[in-house]
């Protein structure tokens, strides 16, 4: 087990490809994406998911601590422009053969 | 980057509006909701999602540490009555223009 | 409030029942499952979710710290064989009547 | 009894696909109808049956028969949960007894629809206003169940948010869509029928078939829950529908319903809700154990009714109406 | 005005189900059509209307009328966002004004489809190439809107990724599926029509009805956003469609369109986009407030057009073409 | 060769919509058919084709032709993965070779269905029991593939959970639903057919069209994976289907199948599985690289078969059966 960083981003679905590009550019190639996430807007009338393209995606990416700075630099401008939030936390990775490969 | 709290709640979908009300009352206006979450019951026959209204929702809300007490006080009675779980952890927020506004 | 461990596993959906079995065997009976999670492959052409059975599931399970060792021992071989990732972090549980029962 | 009725019922595609669904679970096939497809089908069925009922109601008009039938429906919807409650109290606590009573006092739209397809098979007519009876019988049992909980528990903190309860009982999506489609059917009449016919009529039997495939999956997955419910509840889930159908038939005979309507009425009395009422009960009586009321309604009463019950009640009608 | 047109329009199943959807939200029923079912319906409607238009286009061929109509369509799609922009600038900033102008310069396929169902009801013919006009009018307003933003803001950092913008404007899923189905309809002609007919024609009205039920839900949920939009925008969202339809009718009369085509053309001019353009605007003009352009188009203009607008413009045609 | 067969095949809506889907990916349109809609369509197609086959099987009865055909199907399903394995071993390791061999030994139901629509177009009959052949040919290749892995690797730890493997091979959702619907079709016969006809027949061609639109999207998204597969595999994915179809035709001629059945049989031999087998291989041979067996089957063999293969094999039949 060793320490890695967990990046979670919630943003509008139209930003998805841009955000994944940024992650890739920062060397973070693994990620998981959950679609159809309703948001704060749920209570303010913006939840008409695929009708009006106003649904969110929830992106999780685990990365090495030293990759973090690059990610933040690349993702922050996107979120500033188009909206969305990004949070970082610490997690322990259970090393598995595959994971070593993907990091 | 600065420290905020991550609240994650898993509960039956019929509680959703009540929980979001509680969050709002506690001053936490941002949240993300993932629907159609299968639960522990998955293995015990309670997963017939929208057939029987027994599906869960997964609610994530990031808030300032000082809002936490209010949230816990408001949400706990709901979970006691109707079921569901709530967990808190620490995360770092990547400040973005929009985020400042939403906190 | 007291400390528990958060296990999050991302794996192919065909591993789901095997992983839940492992969790159960390790004494962790509570879990939540989010389906239709697109993965790293999203950018490499492996996202054709239910067409080709290559979609992922995201499994979250909260457990007592002393259960962790058993989980890791049981889940790691599965992930080594079939792929997938597992991460552990610390969270505080908001005790509710139901939760006590489920732990 | 005339076994040929059962056989001819079983040899219909919808029932056979129901069996296929159950078989899939028993042999552990990974067949599943992913959400929200079943939801789409159930919305479609409610819309189609409601619309058709409304169109036909316009033709027949509101006659004395209609009024009598709807009255009978309302009475049964209030009385059934009452006496089943006392039967259930023999073995269960108040919360569970009330929740199950409410479940059996209400109805299952799919059972009704399957019965109407059965009648169509046999070329027996039935009236459009039976759909209104269906709509009327969905909600009262919820209210009766909650009143029973209030009377028989001394939990002083309990205070239902009645407005929320009524909301949930009378405006839940199934009742709302059914009644709405009925009204629209009445407003548009024959003309609306013609334009919607390929959709609401042509596809109807096929969608029902597909939906029953899913119901077979869902019902079979619930079967293992029955271990926890025990023999008492399982017998209850088979016997009470027969009793209720019998009472229903007696009333139907008494007010002179035609045979088709009588079958539908007895099926309404016999069926139990596995969507609207369970949802309402989870919210209002969280003390009751959902696996009791969902599993009995879904894994015992529903299959029993569509496989054995419908032809059995028809057999009763053949005897009584002769 | 001939109120009977409005009444006969309102008494159709699609419109009534639209009302039913709005009512569901107003009375807080939990009725919902779960995602992605509405998406399925909208893909189906685009495929069916495009395919039908293509098949008919093969029959009529590319005549002078076709060319004139498509020219008129393109001009209106470019001119409408221009003058609406200046009207909107009276009260709003450049970003919001441009985004709303683009929304109203583009079209709503569902409004068009509802109008075509209305014509079918009245037994009035219309030409297949109107579907080509529909496709043509979806995208130009996006480009015009962005040009307006570029001209009227001094934000030097702004530089649109034009290739991305054109991509989004002309290859977004609705335009792409519509044009693709139109071409396939042209290629397969009468023969293809016959094999697909039970699917693309038989189900059409029913799917439209179901889809409008969902549109009612969606539109009603947006109504509370209107508090923030203010009186100016709400009046705009009712008056501008009438003005645009009027201009459309004048042009239609001028180039001698038949009545059915004229109605569809005026409806195209009058309608506002609530899917493609909002999506494009969120990406390219994030400074504009989405709830302004989505809510007005969805909660005001859309219901206005399908309930009052379509029969009103028909009434105008009855007067002008007499 | 008679190019008119290819052209008339290509000018059908299903094939054209397949191209449209591929085009959407190539021009980067955001068109997508959201999950689980494609799943719904594929369940529908299996149900409809199985049910129809069953109904027709009742009419024809189990004759010598039926037995011979099913025997031939089983033999091809076992032999094809064997010889393809040795061809593949020339360039690939045992795991990949076995997985790809299993993929090509199994079948693609959608290719079969497209071929049956092609025959209907040409007014050529085919027999209901070909659906039974389809069902029979899905699973054996999985078993053969695993036996090959066992024989040709020395990995002593490997021990398949055979019960799980057989489960997955013979009870996976496609085989299960197909066989189940076939049996139900046999049980209900002509009567069941009539009630389900508007659903299982009327919609069939339309749903196939819509589904092929999605298949076009899916296949095109896989094309870039082909860079990794290399020239050897791509040639394999085009040549092996032709070889297999040829062998299939020879057998068909030998046992005197009628032309329609012969086409379907050759298409079964030529097609490769991209759902059931890949799923089974991921579970049982995780060492094999999924993008190899999924991409070749989906992005090369499937389009090749439905566009060129089907008319090509038909051309062969025209020559041989003359």
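Letters A, B, C, D, E and F mark the chains as written, and numbering starts fresh at 1 in each.
Here, a contact is a pair of C-beta atoms (placed from the backbone, for glycine too) under 8 Å apart; a residue touches a chain by one contact, two chains touch by 3 or more.
Keep in mind that what you see is a predicted model, and the values were worked out from it rather than measured.
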item: Chains in simultaneous contact with subunit B and subunit D; value: none
item: Intersection of contact partners for subunit C and subunit E; value: A, F
item: More contacts between chains, E-F or C-F; value: E-F
item: Interface residue identity across copies subunit D, subunit E - same or different by half; value: different
item: Chain of greatest Cα-centre distance to subunit C; value: E
item: Of all other chains, the one whose Cα centre sits farthest from subunit D; value: A
item: Whole-Å gap separating subunit B and subunit F, where each centre is the average of the chain's CA atoms; value: 46
item: Centroid distance [mean C-alpha coordinates] between subunit F and subunit D, Å; value: 41
item: Rounded Å distance between subunit B and subunit C, as computed from the means of their C-alpha atoms; value: 19
item: Where subunit C touches two or more other chains at once, by residue number; value: 34, 36, 50, 83, 89
item: Contacts with two or more other chains, residues of subunit F listed in rising order; value: 34-36, 39, 198, 202-203
item: Set of all touching chain pairs, with the criterion as stated earlier; value: A-B, A-C, A-E, B-C, B-D, C-F, D-E, D-F, E-F
item: Sites on subunit C touched by subunit B in the complex; value: 1, 4, 6, 20, 24, 29-35, 60, 62, 89-99, 102
item: Subunit F-facing residues of subunit E, complex; value: 35-36, 39-40, 43-44, 47, 51, 167-168, 171-173, 176-177, 180-181, 184, 187-188, 192, 195-196, 198-200, 202-203
item: Touch list for subunit A against partner subunit E, complex; value: 12, 14, 36, 44-54, 81-83
item: Subunit B contact footprint on subunit A (complex, rising order); value: 8, 10, 34, 36-40, 42-43, 56, 58, 72, 75-76, 79-80, 83-89
item: Touching residues (chain side subunit E, partner subunit A) in the complex; value: 35-36, 38-39, 218, 221-222, 224-225, 274-275, 278-279, 282-283, 286, 290-291, 294-295, 298
